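Going in written order, the chains are labelled A, B, C, D and E, and every chain counts its residues from 1.
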Amino acid sequence: MGAELRIDGLCAGYGRVDVLRDVTLRVDAGEMVTLIGSNGAGKSTLLKAVAGLLRPAAGTVTLGGVPITGMAPERIVRQRLALVPEGRMLFGPLTVDENLLIGAHSRPARDAGVAADLERVRMLFPMLAERGAQISATLSGGEQQMLAVGRALMSGPEVLLLDEPSLGLAPRVIAAIFEALDTLRSEGLSILLVEQDAHLALRHADRGYVMRNGAIALEGPADKLRDDEQVRHAYLGGRPETRE
Amino acid sequence: MRGTKVLAVVAAVLLALACLPVGGCSVDGAAEGGEGSEPYRIGAVLSLTGTYAGLGIPEKNAIELEVARINDAGGVGGRPIEVIYEDDATDAAKSQAAAVRLIDEEGVLAIIGASGTGQTMAMRADAERAGVPIISMAGGSVITDDFSEWVFQTPWPNRIVVPFVLDQMAAAGHTSIGLISDTGGYGVDGRDYVLAHAGEAGVTVVADETYNAGDTDMSSQLTKIRAAEPDAVLIWAAGKEAAIIARNARQLNMTQPLYGGSGIARAEFIDGAGEAAEGVRLGTGKILVPEAFGEGTESYEVATSFISRYEDAYGTKPDIFAGHAYDAIGLVADALGRIEGEVTSDSLRDALEKTSGWVGIDGTFTYSATDHNGLTQDEMVLYIIEGGTWRLDR
Amino acid sequence: MEAAEFLQYVIAGLKSGSIYALVALGFTVVYGSTGIINFAQGEFFMLGGVLTVWFYGLGLPVPIAGLAAVATTAALGILFERFALRKQRSAGPLVLVIITIGGSMVMKSLARHLFGPDELSLPEFTPGPSIDIAGAAVERQALWVWGLTIVAVVVLWWLYRKTRLGRAMRACSISHDAARLMGIDTARIVMVSFGIAAALGALAGFAVTPLTQTSWDAGAAIGVKGFAAAILGGLGNPVASVVGGLVLGLLESLSVAFISSTYKDAISLAVLLIVLFARPQGLFGSARREKV
Amino acid sequence: MIRTRLAFSPYVAIAIAAAAVAAVPVLSPDRYLLKVLVYVGVNVIVIAGLALLFGHAGQISMGHAAFVGIGAYTSAYCVGHVGLPWLVGALAGTALAAAGGLVLALPALRLRGHYLAMATLGFNEIMYVAFREARGITGGGDGLGGISYPEVAGLSIDSPVGVYLLVWGVALVVLLLVANILRSRPGRAMRALHATENGALACGIDTVGLKIRTFALSAGLAGLAGALYAHSVGFISPGTFGLDQSVIYVAIVVVGGAGSLAGPVLAAIALTLLPYADALIPGLGKDAVALLQDWEADIYGIAMIAVVILAPAGIGGLLTRLRIGRAGEAHV
Amino acid sequence: MSLLAVRGLTRRFGGLTAVDDVSFDVHEGSIKAVIGPNGAGKSTLFNLITGFDPPDAGSVRFDGREITGQRADRIVRSGLARTFQNTELFEELSALENVRIAADLGVRAGFVRSALRVGLTAGERESVEQARRLLRLAGIAEFAQARASDMPHGTRRLLEIARALATTPRVMLLDEPAAGLNGAETRTLIDALYRIRDAGVTLVVVEHDMGLVMEIAEEILVLDRGAKIAEGPPLLIQKDTAVIEAYLGEECADVGC
């Protein structure tokens, strides 16, 4: 069910501010890849550019071989790529169930898969089944994050992008969410995970990229990156980087 | 700086404006030759659009009809009448500018208008200064109460209509009345006269309510009136809201008879109020039922002739506003015909003031140096609405 | 004051109030999806009445004429959005608001050209004497006004709560970006909102015309009242708009009863101002980020 | 070179404008045109104030017609009933309108966007009722007539040319003062406030005080315009100061372009003249005039829509572009 | 002596405590950095100190005077300037005008005086000169006539710093001045910050670019989830396990991941 995501030479920014500089990365079908890096490195911008919220200035994005560069977000989601955005962007005044149903908006009204996916999401996060009628803004942070992931899954994606799902959450909740991500990956979904918590992300991912200043600074298998001194430098600085 | 750029541009625009009319002057100059067949130029400032469009349009119709008739019959003393129309869009500032334009650029002898009281008052100062008479078709008492030697009026002002209606109410035994009036010029003026003359007529105003143009429901005001238990309710209002009052009164099961004045003497009131209009009494001029003039009288002939010609031309019966306009142009034509010597705005004004016993639609006019309305309560009759039309009461 | 008399004031207030509520709902629906105040909303009300009279004049029965008028007005609302507003969305809310002001001038003036300057009448849906409720008289047409208001509110509620489109509209009013990520075509939603707003305004115009008559210039006054009601409730919340409309109608009616009919508009607006100064986001609004 | 242009252009421009203003009656003593230009001049003053408040400081007012009305009625009352000299009456009108602005601004400026629009709109409606009902002062719905002509130093300005010159004289002085304010610290602070309130605060600008002062000044200018209107037209009625007029004022500023003074002033001139097109084109046939009058509202509405669609930054934006274009040529 | 003294500062949003009982001092003439992961409450802390957001508890003393809860513009005028994480420039205005608006603090000109003036006043000429001087100090003099919105990102950051300097502050709070800057731009920024410090302005910097922080800061304050978790010189902070965990994530065997 997963598809391959390729990003080639992507440049993007806001107005005159260039944030992404020639970013190339790929997520193979069924793979979980993490993109780590300190604040302001451009990770969220990359996800926005891929999902269509931001128009790339240059470069290409292909999904399962189909080019989606510069497409409107409402069309990209129909190509089976879903984004769990930074800050979750839930429809706060709406109930949990309504959020989930809106998540399936991109699919035909009578798509039988919707009901099946709803079941799957509720299995993944049983809380969502219990709290179906609750106004989503009243959920705890962790529950909101689960809902955001569940909502994205309702579009039936082949590639899932997540922007800092651990942000501001308690460790126990983070563990539950990452457990769910592991399950999804084991079911074959391709996942691109943006995280600030490098250790956490690298423990779960197959491969990782380290971003700094809008460009990819390092890449490699997750377990190798975990032990790399340079990753620490990317975060906490210290000596000037050798790679520059 | 961008801000100061304005000044240069303003200058350029003003210069452009200044140059344009210069070219136009010669056009005006050519029109002022003085041959015998040269038309008398009369201005008309009407509300053809805006709130009073419902007044201005029948007024224009009537004027066009009468001017054609007069000119077809050879004009006045061999000279045709030419009317130059201006639309004030029911805006006092526009009526004033229009008056100035008519006086200065068209060189009119007199101005017929405006349709509304406020618009008439706005034209006054410039007309007085230029010495051009105004014949207003608006009913505000202020137009002739606040006397100006240059301003005449054709409709019956509230000064005449209100006491008539109050007398009729008293005569019918309604000594305590509830009043509902609009907050526009007509309603406020009428309300003043009702409150001032009630005692004289022997009636007491036990409830006094108002509403605004555009209101969609007057049942609160009527509930308050109902609680005061008057013998009858007097509606002093113009515009479509008057019909709502009649409807609301009926819906509230109010048993008191309803009275009104010229403001509700419109077919639209009957259409709008529907069933609720039945039994409403109103005091106004005689044009609604020309038999009121008395068959065979000159007034009757004038009215029936006008009604049939108007119907032929426009397919509907003339309303009271058409009547006001008929009188305005008729009075001017009559005065022009009586002028001996040079026809100027001055001599036209003097001739208008000497109008005596001229038979029109609103009544028989006799102007004087102190009365520029020229009508009396004798021109009033009381109607009752029955079967969707007006009938003479009693 | 007797109970029956008081009830009569309440009924009068609820009658005007439900019309304000319908118009306010129109403001709210458009505001929700676009963040702008549609100054042409009052003209939709006018068109509803005027077009009904026109269709009725063609020989259609009143209900069909009303339906046709509501549909035509909705179509005009959609066309207005599609051709006058959509391309300008990036220019900012102020420009859009000015376009709606210009649009309202044109709609009003065109209505005068097409339907004449005089007031137009429509027969009551079910003529007959008024109905007695605890000593207070209620017009049959008022029942229709309430009935249609309730139907409109219920349909709108059903649409918002139970349908795919409604969910998309609500999503859109919370965040355009998040809605687009869900695959919602926000441009289409905005267009639909204009259609719904126009239909709501037209429905109010249709329902009330037998009571009040209508004319080409009937939109401005009701537009102000509807805007006031929407603000009073708190912009962007449909329930609050309905409550705002009813409260405004009651305020006016009770001002007549206890203070003065002359100052009823001034009183109700003064109350509105006091509410705003005390609660800048309206009675029920939450402090939402403004787009202007 | 830029510095010299900055320093001299307003005075050169005002000299040219004054010459143009003076030239109009010499070239054409057309009273109708002068009368129409008086309306234009009055609106230019109102718009100068609203451009300051709305265009530059970013605070919307849908109640400016009410301030014009306050100025008009106050001045007419002071001169007509109290017997004060015109100059004192006009100043009283200006001051009372400014005070009204201050009183409204204190609570209203806590509001933003649509809520501020509603509050000022409500104020306009309330003042409209007051104008209608305070009949002892305002003459009620029928209006107040017979207002005396302006009088300066015992000299009655009662000729059309005199009134025209007075109104435009005041208008040019107002434009100069407003342009000066915009070029000075308060004007820069307004633009800063409009651009980002946080940024303005970070520059130490007392944004609350600035908003209130600007509101009062803007209302005062509207009041001044009202005082001029009352005495040059001689007749005022509540209808002139209604909500629809306030909406038109806001529309004029948007059509003219927020953040510009020249744009709104040009828009005020163009949109005030539009209904009086026959004042400008004397040869226009009567049928054409009638047609124009009949379709005036449509033309007005479409013109408004067309301008904002074709030039979302308004006329001011076009002027800026022109200027940039010119500057570009100059460099070549 | 402590120029800026923050004591027990707390701010809650709903259930979330964004700033939790934070105390620290800033000494005159020093450069202090505030760091912490996303959502640690750094920007909120700045907003509380500078009057853009009212604290729920705690106090801020500046040069011995209580400034807690004062209006933002008054705090600026008392000598405490700031910049913003997302630059809050006057986009339509030129760089010179941006700085001049802040320099206007020294110009005495209300509405009346401004309306009646002829040409530039002496005070204004001075403020223009000061603005030019500050643009030079920030190294962006060549952009004086460019519209802020047309300027490259890096120079916009420097422009905002120049603008803050124009209010003649004694303390300047910079919120992520290096965000979005490339290596060369960061270098320019660091040089500018040293010049500013040497000119006698005390600096407090929120920053994510650790290279910059470690280089310029004399002392670092670390926040995590609203609370202070560490404070000290850079070399100690880099080795602090609490800090490393906050940034890189805990080696959390205890929660079973």
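Just so it is clear, contacts are C-beta pairs under 8 Å (C-beta built on N, C-alpha and C of every residue); 3 or more make two chains touch, one makes a residue touch a chain.
Small disclaimer: the values here were computed from a predicted structure and weren't measured.
Student: What chains touch chain A and also chain C?
Tutor: Chains that touch both chain A and chain C, as defined above, do not exist here.
Student: In terms of CA centroid distance, which chain is the most far removed from chain C?
Tutor: E
Student: Which chain's centre, taken as the mean of its Cα atoms, is farthest from the centre of chain A?
Tutor: B
Student: With centres defined as the mean C-alpha position, give me the chain A-chain B separation in Å.
Tutor: Comparing mean C-alpha positions, chain B is 75 Å from chain A.
Student: What is the distance, in whole Å, between the centres of chain C and chain D, each centre taken as the mean of its C-alpha atoms?
Tutor: 32
Student: At what distance in angstrom does the C-alpha mean of chain D lie from that of chain A?
Tutor: Inter-chain centre distance comes to 54 Å.
Student: Residues of chain D touching 2+ other chains?
Tutor: 133, 178, 183, 187, 259, 294, 296-297
Student: Please output the residue numbers of chain B that touch at least 2 other chains, ranges allowed.
Tutor: 49, 183
Student: Which pairs of chains touch each other in this structure?
Tutor: Contacting pairs: A-C, A-E, B-C, B-D, C-D, D-E.
Student: Which part of chain C faces chain A closely enough to touch in the complex?
Tutor: 164, 167-168, 170-171, 174-175, 177-186
Student: Taking the touch rule as given, give the residues of chain E at its contact with chain D in the complex, in rising order.
Tutor: Spelled out, the residues of chain E in touch with chain D are 50-52, 71-74, 76-77, 81-84, 88-93, 97, 100-102, 104-105, 107, 109-111, 113-117, 119-120, 124, 145, 163-164, 166-167.
Student: Okay, in this complex, where on chain B does chain D touch?
Tutor: So the residues of chain B in touch with chain D come to 1-15, 17-25, 27-28, 48-49, 84-87, 89-94, 96-97, 100-101, 103-105, 117-118, 121-122, 124-125, 140, 142, 146, 183-185, 188-189.
Student: Which residues of chain D touch chain B in their complex?
Tutor: Residues 6, 9-10, 12-14, 16-21, 23-24, 27-28, 30-33, 35-37, 39, 44, 132-133, 135, 140-143, 145-146, 160, 172, 175-176, 178-179, 182-183, 187, 233-237, 239-240, 259-262, 265-266, 269, 273, 275-276, 278-283, 286, 290, 293-294, 296-297, 316, 319-320, 323.
Student: Quick one: in the complex, what on chain D touches chain E?
Tutor: These residues of chain D touch chain E: 2, 7, 177-178, 180-181, 183-189, 191-192, 195-196, 198-208, 213, 217, 259.
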